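Paired with chain B in one complex and with chain C in the other, chain A is shared by the two complexes that follow.
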Partner chain A sequence: MDRRSFIKLTAVTGTSAALASCGNPENQLIRFVPAEDIVPGIAVWKPGVCPLCQAGCGLTVRVMDADADVVRNGQAGLVRIAAAKKLEGASDHPVNHGGLCARGQAAIQITYHPDRITQPLKRSGDRGSGRFEAISWDDALGDLARRLDALETAGNQRAVAFLTRPGAGFRQTLIDQFVSRFGAPAPVAYELFGDDVQRQANALSFGRHQVQTLDLANTRYLLGFGADFLGTWNSPVAQGAGYGAMRQGRLGVRGVFVQVEARMSQTGANADEWVAARPGTEGVLALGLAHVMMAEKLVPDSAGRAGAIVAGWSDGLVDYAPDRVERSTGVPAARVERLAREFAATRPAAAIVGGPPLAHSNGLFTALAVNALNALVGSVDQPGGMSFMPQLDTVAAAGLTGSPARQTIERFAADALSGRPAPDVVFIDGVNPVFTAPPAWRVREALDQAAFVVSFGSFLDETSVLADLVLPDHSFLESWSEAVPEAGAGVAVASVAPPVMRPLYDTRATGDVLLDIGRRLRRPLELPWQTFDEMLAASFSALPSATADADAWTDAQAKGVWSGPLPPRLARQTGLASPARRTFSFEAPRFDGDAQQYPFHFLPYPSTAFLDGSLAHLPWLQEMPDPLTSAMWSSWIEINPATAARLRIGDGDVVEVASSQGALQAAAVITPGIAPDVVAMPMGQGHRTFTRYASGRGVNPIEIVAAVTEPATGALAWAATRVRVSRLGPPDSRLVRFAGGMREETEERR
Partner chain B sequence: MPRWGMAVDLDRCNGCAACVVACHAENNISTVGADEAARGRAKHWLRIERYWEGEFPDVRLTFRPVLCQHCDNAPCEPVCPTYASHHTEDGLNAQVYNRCIGTRYCANACPYNVRFFDFFNPSWDKPLHLQLNPDVSLREAGVMEKCTFCVQRIQAAGTQASAEEREVQDGEIQPACVQSCPSKALVFGDLDDPGSRVSQLSRSPRGSKLLEDVGTRPKITYLARQSQA
Partner chain C sequence: MLPGQPTGVFTTARPTFGAALDDFLNRRPAAQQPIEFPHNIHIGKEIACDFCHEGVARGAVAGLPSIRTCMICHDAIATDRPRIQQIAALRDKGLDLAWQRVYGFSNEDHVRFNHAPHIRAQVDCATCHGNMAEQTVAQRSVEHTMGFCVNCHNERRAPVDCLACHF
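Here is the complex of A and B:
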């Protein structure tokens, strides 16, 4: 055969093969006309706002054409859409400066998740069975409005509850308006790893009910108490940027970092010196340092109000002498003295606390102690220290009045179960307390009391599966997104971005839905906006413009952020009316479980991949090796080598962890970075229902956490449970590690 | 002709793994699921390694992001019978997927464990496929895949620069890992430009190469994590 006939032949057979595939109607290629103007192959970059945590990082989203499967008029086919392709950190955003964490990178999988809820759903089986049927938006909202009308007719508006995330953004403000205008009680805000204790302490010490911002880039000595500020705490990308500059951003100056914690976090792993203190005694160590500094006259004694509210401050904290600190914390007295001298000798220096030290019954004291230490070294409102970022008051910006109040979920559940009153309609937005609250609070049982549960969720998780009506929100890329961070920058920041792409499904923006419901009521709520973006437009228009070329609203939409000096009337008032009249002294932390029967402290910690578990449905994060263990797709329990040897537990062995609340089984990871009397387990896995990627995988440590709380705030003391640990058997398939014998082992042994 | 390289400052790196996921997102790296991951088939062109020192309570840990070192003297290249693994003019260890016949000699030869074999055709549960980067080809079963220094971004920047009749500026090209890094631990650029940031960092007294003694002449310089003075 010559070349010419070969080519002819292949052309013919190739064509007939292509034609043959058209015979199957399923493979028919129907192409619908695109609904938008797209230039194929040309990328467009649009601003966005990361929705995953309170940090409010700015995004730059790459948008390009892609073929999406759609059904139009009953005919399946393809349509070319402008689709988000990649999320990058916005390079000029005052919080994240172009960086974006692993979770933010994976956020795009929320939009394209195969198990997203694509339309309104109505429960068709028993509650919690997961059986739903389709319902139209009009029927769903009409039904909901009738229920709310009936409550109003009966004068029973207080039988409405709204469960939401904490935060101070415009969405929360709209929710506040919705519930208060209807006459319902204040929304219930819950976040497992929230910062309520920190805020309360800052209010007492500094008169600011707000989480602080750290100027890491200019710090020369950073003393951390448990805060995972490079991984999961507060504004990790902003803090990561500051950390890089602190270490290597200044010629000839390298900031020192010392971390105090009982289990080495990803952040603590970077410390120059890692100090293991007994759980719940971190505040004693902080005051021990203050004692040495005052006794040796290394600093002026004054720590202002922050010092004055610590009992014994004016007497030089005699109860916190190094030998006593050693007995309490386990940190040698000589080390306490050395750290105090180093900390006092270096300027600027800053201390920071967060996470496990505050998750004890005495967490407020610990936070106050670290605050006093900061005040003592003069790090408050100073370069290289801590400060409070001006924060936009979204209520004032929206032209409203009032200050938002919140209930705790523990109180909500207790009230619902005691029937005073039993909730009738419960709204759920952005929280999954059935998964993240301790079983002793009985959130699930409380929701069972409600006549009608409405979820705005995009996925069926443990809480939204209990819903009678699911009104799915757009993804953050399909709707107006906004965030008003309380920390992470030196100036006030309000992120905002228009939709990046058209909605893929029959979903609706929750803000718009709330406004719609408000109009449908027999006594309409009279909210001043038709849509959520009208609210944003009105609010941002009230801000001073950052440039001469455009008004604040136009400029903010184009950049994805507004930032700058705030007029006083638009700044959130975070002060306390009157300072505390009492002083605080150390009280031994209260633990659930007897130390004889339950010899170990149990530390459930926010997972680098999943935070509190709300991101376990994203496959990239499931397959991301954990930075400290290289574990993927798994649950594990971290045990000190000496403890493991004593209990005859080998690496990967299956162990049982039992508390007074119940028992869990997980694989052991033996690691030197944990105290011998502590065992730790990441949150995130153990979902019963949360999409194909997370359901039925691993265990949920919160199921064995007891309901110990910090009394001043009612926040869960999630590190206050004691457990016992026993070996069940040899390693099985439940622990998957990237390093597992193949990849990193050879390198690490060199 | 530039010679692309990278500097990794281990004193800035804090192990947050942003780069790991950014790489997946940019390069259409498919996830394999728990069962196949347990068989060692998960693919991470970039990984975070841990180096533990000491016993409790005096423990110290150093993270190290490890990706293809783009060796000047790459052991993966001469062993490839089909020239799928080859050296480009601008110094990349490139992998031509269409040439690869899956002998996996290159992975055996590589001392850094950064080459990954595709045991399956990639699959995405729809509509996760909408996220795919059209600038990066998908790898089918039976080929090796690896870090490319985001060659698609290198080429796009070169095309843009030549359209504007100028040279590519230092810092203009950021591979996905570099762009995502919150603490700016990763710096990418032209090693043959003595003024580029990456060349300056590569000459740092803190610098060293990974497994330098095996003679691979890597183009990634690791700047040592410093200790408290």
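Here is the complex of A and C:
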């Protein structure tokens, strides 16, 4: 084509396109009759429950009219719906008291995500290819029921596996019932940054298999061991409010806060004093403090059961004298003594442990050591200390018996790959172990062994993409939601909320789907409820009413929460049958990788935005600058300035981090808030298939984490991998930062 | 792209160049209503405005009724009239009436209008919308210029600072 005809053609097509687009095509869309009466422009606030972490914060959801694009009978059009538009914290909720973290605020994007799965899907390409075709709910559930029937006929019910999140809510109880009534093994629960080690330690020290609640508001001296309690650990909103009161809520009293950790977290950045102990030796430091306090008779040297299970306690912990502690932890002896005296002299004082210190092969010892320290200063069950919140037993409330058991994902994968009969039908609900488990566990390969994988996910993440059948759940705003928090309040709390809006798509609530499958089987499971909300109604009706003029169920639905004193028969029994018979002493943490070849400790930590990566699909959270580095939309690796200078790595340079498991490339962020022998990397990025916003962005640190575990619980010791770091090249475009370089760096350059 | 997934992502841009140009020039086509709704007959039966425009006393927008509102009465009343049969048939097909707005400010005006305080101040609907008892399909019979608003605000000693109406 010559130049002249090209210009002519451009002019003609441009003009006709402009003419064709005149008018307003929006008004030509047909409108469908709305399903409900909605007064336009009037906002209604309805209760909800935040689904993003175990904290179980209460929501209040702003619902208003909106026009939704829908397709009905093959015809595209508009319909007016009552749509959730904004999430806020519920002001009268005992956990979050009106607060809501940035992640909770972004949860609204789950419902309106453009890559949400809108209808049941059947795999049409190879497994993992991401090719699916539509299938009706009836066909999908019929197909699934036939497969389960076939297993039952063959007497092979144990070939069913159910992968789910840990937790003690009603959804988990329903899953337990579904699995046990069918005759399948206990569900497989996995959470990368779980608190199993903490629970186990609390069971041994205090007889409570539960994560503790902290009364920060009344503490005057807080000693933190790695717990990022203002960012990602336990119940961050409740702890954030308590921390605010501790620092500024009392006239003339500002609680002191010392944080011990090898990498400065968002929480550590708030501390008065930041102490970097060698990874895996935090328990030694805790006992070093206890030694000084006992040797100098600063406290009565009784710590009850929590002290008795620490080896050498009755002898005054002679192995933990300050000079020995200095050799072990790298914290100077004088500093150990000063901290011990300060900690002993201030009342009330509390210590708190969580996160990286427990993610070592000796994590249980570290947790026990900090527990003993708490017991020594008398902070257990005292104002300003730690306590255990009564927790509703969802099994008893639902009128059932038995205590739920869980398998580990490591065992599941090992069994599936060991040549024993592979699982036939695998259900996946709310977990993405292909992304969050170390590659050495071979979860992906284990799932490949399964004949039929069913996912309830709303998005095609790395695990759901392997499914043969996707039965998408409603979003949490479209279905009954509930949570039974384990920590964060002084009284028992059970949150529940009805749907705040009608489902946008052809999805179904997973609880209802499980009950439906149970009825479709040739030998029905005889679950006592028709729908999930019937189960909730029956369970909440068993609770004592909090108000005189309404029963517990009516009241809880209206407020979004039930809380109050719990009758003993409905309280979860968290104690151990018998106290531990052995004592625990420090064992050097076991690391993967030789210290010569791999000189650095590798610390993958929960991202403030994405936690373990399950929220990386929400663009608001991608856009949210990390509180310490201001990085967003990317992966980075944090390196101490002295280390960086030695390795000739500049800020933003591309570096390679290699462990015995593999290598990753990321941009370096030079930051003084990390020990020289540690490099750290946030979890969350590096998704392969997880919506348009997360796929192909950054790297996943878990890919180079070795499968070291804490032996008592089988929990992954995610901080126990050693790496080497080398510079690959100058900065490129892979690191996006909101505020340019680190502030300290900028100051130095001036 | 998975089956059933929406293809577009919401953006605030105009759907077409033409729409953008019309917006820029403040050109609006006359509203085309799906049926010729007789306001005069309904007002003659002494049905209050807020029976159908039910948001008017409570919030920012008065609202255009859905077909469900029509059928509250017309399931039983005047069911033999062709126009009523027409909307009953629409409802049975699951279709709503795609009303078009008659009044309203363009985005560039940066006006935030709220009906409720005007109703509370007992401004008659006719002040801004003309005498609807004389109209069948609603026509734009009053031009909502800034002078029109400010005159009334001055007369009634309502605030006239910019931020009362503009954002």
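Everything below uses one rule, namely that the second predicted complex is superposed on the first by the 713 of 750 C-alpha atoms of A that agree within 3 Å, B and C clash if a C-alpha of one lies under 4 Å from a C-alpha of the other, contacts with A are read in each partner's own complex, and residues count from 1 in each chain.
Note that contacts are C-beta pairs under 8 Å (C-beta built on N, C-alpha and C of every residue); 3 or more make two chains touch, one makes a residue touch a chain.
No experiment lies behind these values; they were computed from the predicted model shown.
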Open item on the list: I want to verify the contact counts: of chain B and chain C, which reaches more residues of chain A?
Closed with: B
TODO: Go through the superposed model and pick first if A:738 touches only chain B, second if only chain C, both, or neither.
DONE: first
- [ ] Figure out whether A:33 sits in contact with chain B (first) or chain C (second), or with both, or with neither.
- [x] second
Open item on the list: Per the contact definition in the header, classify A:108: touching chain B only (first), chain C only (second), both, or neither.
Closed with: first
Open item on the list: According to the stated criteria, A:69 is in contact with first (chain B), second (chain C), both, or neither; which is it?
Closed with: both
Task: First (chain B), second (chain C), both or neither touched by A:41 - done: both
Task: Touching partner for A:85 - first (chain B), second (chain C), both, neither - done: first
- [ ] Using the superposition on A, tell me which residues of chain A are in contact with chain B and, in the other complex, with chain C.
- [x] 41, 69, 114
Task: chain B-facing residues of chain A, complex - done: 41, 64, 66, 68-69, 81, 83-89, 96-106, 108-109, 112-114, 230-231, 236-238, 240-241, 243-245, 247-248, 254, 256, 264, 266-267, 269-270, 272-276, 504, 608, 619-625, 627-628, 630, 632-634, 640-642, 671-676, 692, 697, 733, 736, 738-744, 746-748, 750
TODO: Quick one: which bits of chain B touch chain A in the complex? Just the residue numbers, please.
DONE: 9, 11-12, 14-18, 20-22, 24-26, 31-35, 37-38, 40, 42, 44, 47-52, 54-61, 63, 66, 113, 125-134, 176, 179-185, 211, 223, 226-229
TODO: Flag every residue of chain C that touches chain A in the complex, lowest number first.
DONE: 2-6, 8-9, 15-19, 22, 29, 32, 54-55, 58-64, 66-69, 91, 94-98, 100
TODO: Could you please specify the touching residues of chain A with respect to chain C in the complex?
DONE: 17-19, 21-27, 29-34, 37-43, 69, 72-73, 77-80, 114-119, 121, 132-134, 460, 505-506
